[in-house]
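Take a look at the structures listed below.
Here chain A shows up in two complexes: once beside chain B, once beside chain C.
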Partner chain A sequence: MKSRFVKLFGVAYGALLATAGVVVPAPAANINTNATECQAQFWPQEADIVHTEKGISTGSTVTASRWISCAIPRSPLAPTATSGSFYIDGDSQNGQWMVCSLASYDFTGTFLGSSSFSSPGPAFDILLSLPAAQLGYWAYTGITCVLPPNGNGTLRGVTSLQ
Partner chain B sequence: MSTHDGTASVKLVLTVFAFVALGIAVFVFLVTNYGRRDASPRPERVQVVSHNDDKEVAQLVQQVQELQGRLNSLKSQMTQLDAGAAHAVPTRDVKPAEPLSVEEQRAQDRERLKTYMAGVEQSFANERVDASWATRTASKVATTFDGDDVLKGVAHTVECRSQTCRVQIEDDGSNQLARRMPFIAIGLADVLPTISAQHVDTATGRGATVLYMSSQPSTPPTAAK
Partner chain C sequence: MKFMFMRFLGAASVVLLGASAGAPVQASSINTSMLECQPLQPGQADLRHTELGTSTDGVFPAPRYVTCSVPRSPNLGTTGGLFYVTGDNRDGMSTTTCTLFSYDYTGAFQGSFSFTRTAPHYTQILVIPAVQLGYWSYTSLTCLLPENGRATIESVIAVQS
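Let's look at the complex of A and B:
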């Protein structure tokens, strides 16, 4: 009886190994980026910015808004795509709001286009799109945001949709 | 009476002897059969079990081989699909294209942007003029440019219609516009959230950048996951 189980285990293990040999190509996927990696736009304001696992905001004692900029990782669009989309998530408190602009530049630094928004409410989950023509194979995307003072707004992150 | 008693005694002795003999026979039978079965299975029975076991294993091996064959077939199909997807073409008659070189890809991107911006330019040309909106928005654009220390000194023209403004900025070769674009975009986010840029040739030879700024967002602003 024991011998039979050993044989069955061996056969099942062999089947598992055979299956593991299949390399399934990874499909294009969304890229979620936490905004904590964003940087202050102007020197020397980095000390006014608070980076946490929840994102980025101004310090509670900072009395003026602060500009930040973030890289937005993405993959080249599919040849048939007509546009590329991005989710920008964050919060605004105490009647403050946040303004952000997502922009695309080609590899020479030439500005191609941008799409902007003002946060519509306490919590925002904004979908921005750029035409595929402005998201070329070699183009770079980034976002600039104005954070409200006194920690009254948090930029949580950006998702590049594929 | 004594003869009758003697016969009865003999019958009793024979009966007891017969029972004892029967008991011994039963004991020997039980020891012979049950003892052997407990000690080790009959060879015939072992052979039958072993035969069934090998048969099941053989079936499993055959199934694994069939699965391996199907996996190989799937691998082959996936390879063909990947090759087809990487070189997607609009018609079946055209052979799959070779991977583009860096220069070819950049040229393709330039052409695609040129085509797209031609459409934007045409849309602006066809856009009706809303004098009230145009005046109000042009003023906002001018204020934004004048509020920027770098751009306020750069020659530019502003033309607004009903939902789009066209801003042409002379290229002074300093690449200042690209650096200041985030400030322009943020400053006009509430009225002109969408910007598309185009480089055009001018009589000066330096060229100019044309910004088409639209009040129409690329997507509904409240669109959520």
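Let's look at the complex of A and C:
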């Protein structure tokens, strides 16, 4: 009886050790994305856009606003989350404003929702949120901004929060 | 005896499952293709973007600066950031120079790290101290690519630790 107990315990212990060795899935984390990857939305305005290591703006001699679009990498929300949030960081100078709209699309291309803001001051750090229903597991997010002319606004980056 | 075995097994399970729950979380990295790189100077349409990455155009006779976004997740704890940068120098006769920048979300400069490589294929490791890579920092890579498509900047992996 004793030997049977030891054998049984050995099998159970081995199974538990194997389970303990299973890799724990990585939790979703914030993703900070520099805005230098943004693109001019309308051809042939790419030459009016300045990309730097700090972000994106219009050129100092460009006298009109320009539209840009940027991909926002994100991880799926936790199953219990009721919304997803994003920080948008940038600057507006000389009394100029920047207007941005963050949009979410399903993998099928179906529009799920959007949220917008106008930059309130020289340096902005805006929190935008979308309800979980508009941020499906497979949804893609992007942001479109209107950059002020003459390099008077810089979009620095977007952080998708988890 | 059977009852005793069950009790013993239950206790062992609790101990082991507790240990499992406290196991270190697997690092999660972000792999980004550098085909999204942009010219540093406006109006320079002489770059080539392919599924491999970004290079100057094959018939363009001057080097070009490009800037590339490097998505990252905040590091756990107080460890620094680890980045792998990969690329090619065609025929091993060309040179690629790159700088990885870190800026706080306020736009404040936090740090930069440069390298120059001439190898036909390279993987450059960059380690950024935690103090220069804040929780909310944005990172980007600026490279000087040689003329005539003689080098390609391919990818950056932001490793999490």
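Basically, the second predicted complex is superposed on the first by the 136 of 162 C-alpha atoms of A that agree within 3 Å, B and C clash if a C-alpha of one lies under 4 Å from a C-alpha of the other, contacts with A are read in each partner's own complex, and residues count from 1 in each chain.
Throughout what follows, a residue touches a chain if its C-beta (ideal position, glycine included) is under 8 Å from a C-beta of that chain, and two chains touch if they have at least 3 such contacts.
Computed from a predicted structure; not experimentally measured.
Applying the stated contact rule after C-alpha superposition, one finds that A:G59 touches chain C and leaves chain B untouched.
Legend: residue contacts after superposition of the two complexes on their common chain; A:P73 is shown touching chain C, with no touch to chain B.
In the superposition on chain A, A:V146 contacts chain B only, with no contact to chain C. In the superposed model, A:Y87 makes contact with both chain B and chain C.
When both complexes are overlaid on chain A, the residue A:D125 reaches chain B and chain C alike. Once both structures are placed on chain A, chain A residues 8, 19, 22, 24-25, 87, 125 are touched by chain B and, in the other complex, by chain C.
Looking at the complex, you find that chain A touches chain C at residues 1, 5, 8-9, 12-13, 16-17, 19-20, 22-27, 29-37, 39, 46-55, 59, 71, 73, 87, 89, 91, 123, 125, 154, 156-157, 159. Against chain A, in their complex, chain B makes its touches with residues 53, 56-57, 60-61, 64, 67-68, 71, 74-75, 78, 82, 88, 102, 105-106, 108-109, 112-113, 115-117, 175, 177-178, 181-182, 185-186, 188-190, 193-197, 199, 209, 217-225. Chain contact summary for the complex, chain A toward chain B: residues 3-4, 7-8, 11, 14-15, 18-19, 21-22, 24-25, 41, 67, 69, 79-80, 83, 85, 87, 99-101, 103, 105-107, 109-118, 120, 125-134, 136-139, 144, 146.
Looking at the complex, you find that chain C touches chain A at residues 1, 5, 8-9, 12-13, 16-17, 19-20, 23-28, 30, 36-40, 42-43, 45, 67-74, 99, 101, 103, 105-107, 136-140, 142, 160.
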